[in-house]
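Both complexes shown next keep chain A, but they swap its partner, so chain B is in the first and chain C is in the second.
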Partner chain A sequence: MALKVENKSIVVPGETLAEGMDFLPGEGAFREGEIVISSRLGLVNVDGRAIKIIPLAGTYLPKVGDRIICKVFDLTYSGWRVKTNTAYAAMLSMKEATSEYIEHGADLNKYFTIGEYIVAKIINVTGQNLIDISLKGPGLNKLKPGRIIEVDPCKVPRIIGKQGSMVSMVKNSTGCNIIVGQNGLIWLRGEPEDEMLAIECIKKIEKESHKQGLTEEIEKFLKDKTGGVIKKPPVMEEDEPRERREPRRDSRSPPYRGGPRRDSRSGPRNFNRDNRRQRR
Partner chain B sequence: MNPIIQHVRDLIKQGKRLDARKMDEYRDLSVETGVVKTAEGSAHVKLGKTEVIIGIKLSVGAPYPDTPDEGALMVSAELMPMSSPKFESGPPSIKSIELARVIDRGIRESHAIDQKKLCITSREKVWMVSIDICTINADGNLFDAAGVAAIAALKDTKYPAFDGETVDYKEMTDKPLVIDKVPIPVTISKLNDQLIVDLADNEEAAEDGRVTATILEDGTICSIQKGGPIPFTSEELGKVIDLAIEKSKEIRAKL
Partner chain C sequence: MTYTKRKDKRKMDETRPIIAKVGIIPNAKGSASFTIGKTTAYAAVYGPRELHPKFLQDPKTGKLRCNYNMMPFSGTGERIRPGPSRRSKEISMVTQNALASVMDLSDYPNTVVDVFVEIPQADAGTRCAGICAASMALADAGFKMKDIPVSIAIAVADNKTVFADPDYAEETLNQTGEAEHVADIAVTILPRTGQVTHLQMDGMVSKEKLFEALEMAKAVTKKINETLKVALKEQFKVEASK
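Showing the complex of A and B:
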């Protein structure tokens, strides 16, 4: 009737986490009869009655609502296909890409072309892992010139920090604009030296993500490097006015407000509160 | 446009580079010789994150009919798929053929090896020198890294034992391959009308054009290769040559 492992300890797949019905299996755990078993290698996290496993490493699994950075690699008749840093490509349909009217047979290269990167939100993931993404929402756009680095997607929550504390600390110390995608791709732009410091810092967070008190350590690391100077990153310019992104008030179709569709496939919202990632 | 390429071009316009280097600054160069035991001569060169290994093999064969008293020189390059996501296995790509040809021309036209000295018996037996370029990690500027590695490996080369009939590769002699001159290739790229040396991989993706000049000790140019879609003006070419001669001295000091 109790927990069989300590909170924050490392477990392997198949390890018994708890016995009895007092605990519920969360992400990375499952129930078999009376016992809760781990299905991943990672750290145990007991939150009330729920036990979840925070994986130490692994690939990105697409989730509805995640903001990801992806690369356009194909144009189709109805939209764009993008690489998402997972085994599955995602589809950006014309409807979700822009609120502008696109004429039949228009050259889609005008909007997005192969090789470009976009920040998008996942709006639907099917059972076959077909991913639909959308560009409707604040901060979702084509990426501006900058460099893109890759990190372990499991370390992304740590890089972002609570309420985005870690990433804003890196931003304000280095003066770089940073966009973190849940799929492990990070875009940044600043002066070359600052970018290199930001990358060094992100790699350090990635490497030491399991440590307690990492925020303080990173704070000290950045202070040593910059001498405690606060350097606010420049405000990102929008390349098109916001009003144009508003849905057209068209009598024929009601305006679509964006956000995940609540249809029968996606299930009720906030199904598992623990599954929701910390977001800026 | 790809944000990384655009970023590189924007920075170059402001006189900056992605890794905060100066326009005419090389990355750290290190040369190690004698790394491959089964080769007669070898070198491992690191240029920043770019890594190249070159092995030299000496074999005995019949000379070409038009040069009956000269040995043969062969250069081949393999861009290993493990060294970059851009490289695929299969038949040699245009990139690998160009790399091999630029290195070949640099060594051949500089007369670094006196091919007459490779002759054993005229019309019958000559030494054949094969230079094999193998990329370990491709982070840009393979030409310069491979060029330095090739000449370092040739300097390291010793003849295997030869009894007049067969070559015994298990037994090495103390007789080195005679290298008369040391050609150094320097690649200078044009990007947004700026001349830049030693491009990293992400900068190479944004470059407009490049010129590889192979330079000798006394500043003699023994070969030039132009690549990329954008032409160079004659003033630019003059600047390229001056810069290449200056940079070749810098590299030569590290060899």
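Showing the complex of A and C:
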């Protein structure tokens, strides 16, 4: 008939949340007979009739649409394999990596090589948690030199804040560029001391994520450290799209670049050039 | 001669003092320590991670893998030979079976969750302490569980006296001549439902006394469960009061 625990209180697995059929078990809870029971460690969230548990610890589960930071660890025939900070590797296919035409048998190291970090978007997850990622979209690219830190993936929403309020506050106080991946990896770049401050701040948010009024506390913390100076991070210049580096070749009016015109011996090349048009 | 009064003046259903802590190993996904009297167990949880060799993988669910180890200096003098032994392999398996039934790892197919249980100091009841520490560590790591399994040893002296949580001196009453025979029953119980996930026994006991021991175990595990719950919640409360 009634709730057995207070809303927003911390519960452990196996704790009775409510009795009777008036409540429905949501994420992190289950029903056994008449009672609703918690199945994980977290905060109770009662929303109407549904009771769910907001986890305070846990693992990242890949979701379509998430922006994650991952590390290239393998080159395959058709693309790259990347580590995602989960138990599962993701696949970045050539098609999703760049809009540039990659010749058959080209050296993929030219684009991404082992050990490099990228920000990518998850475009597909199978039932067996095989992940496909893409680099097509704004802000998705290879990461520039900086620091990568790891946080608990459950705390990522708190670190980002509502509409990114928390992370932009950290950015503007420390002058660091920060990219937060949903999988719990965070990339930052700035002056060394600023980076250290930003890391300290992120770790503080991670540790105290269950508190109420955390934004104000972090604001105060940053004010104490920086003296309230607002330091905008340098604007990150978007990497020039690769195809613009080489002069664009348009098949409708191929520019005459001097030298002999290609004859039939370079047939495959011409063939490829046509292919390229179609791909765009 | 029967054993009617306990050596350390405990009540028959009283355990040794318990200290439970959570989050003691920062590198691990979840960790806990469980101290009961002079027995201490640490547990650390890692993963889910890829399971190798591949044929062990289960495409339907993640697997739990436990490893129990007694540290070389954990005994009462003799150095314990390091490395896996017949005994530690058995306890690893038993720990795994005691915990696996409450875990829901279906979100992590083809993976393994590793639990490492270390015993830095032993004074009987190490497998029970290990299971308690491991179940706390798994909860701390944020895995979905039906309940927090609690393990306890119940001893029966001369098929007459039933008492909870024997220490080493009580486990060896037959060696000191204070009792003819001691049966040592290690049992893991889900406190909410009273279901038994693990039951082992050394020695002999009558059916009636076994049931009496199990009833005692149910009551004792309920109490221990409260201690574990407090320990799991404390890590958040302490920070909140700062």
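Assume the second predicted complex is superposed on the first by the 225 of 280 C-alpha atoms of A that agree within 3 Å, B and C clash if a C-alpha of one lies under 4 Å from a C-alpha of the other, contacts with A are read in each partner's own complex, and residues count from 1 in each chain.
Everything below uses one rule, namely that a residue touches a chain if its C-beta (ideal position, glycine included) is under 8 Å from a C-beta of that chain, and two chains touch if they have at least 3 such contacts.
The model shown is predicted, which means the values in this text are computed figures rather than measured ones.
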Touched partner set for A:Gly146, first chain B, second chain C, both or neither: first
Chain B versus chain C as contact partner of A:Val46, first or second or both or neither: neither
Contacts of A:Ala57 with chain B and chain C, given as first, second, both or neither: second
First, second, both or neither for A:Met169, with chain B first and chain C second: neither
Which superposed partner A:Met196 touches (first chain B, second chain C, both, neither): first
Larger contact residue set on chain A - chain B or chain C: C
Chain C residues within the chain A interface of the complex: 29-30, 47-50, 59, 102, 104, 107-111, 139-148, 190-192, 228-229, 232-233, 236-237, 239-240
Chain B residues touching chain A - in the complex, by the definition given at the top: 1-4, 6-7, 9-11, 16-20, 202
Chain B-touching residues of chain A, taken from the complex the two chains share: 113, 115-117, 143-148, 187, 189, 191-193, 195-196
Touch list for chain A against partner chain C, complex: 10, 12-16, 28, 30, 37, 39-42, 55-59, 61, 86-88, 127-129, 154, 207-208, 210-211
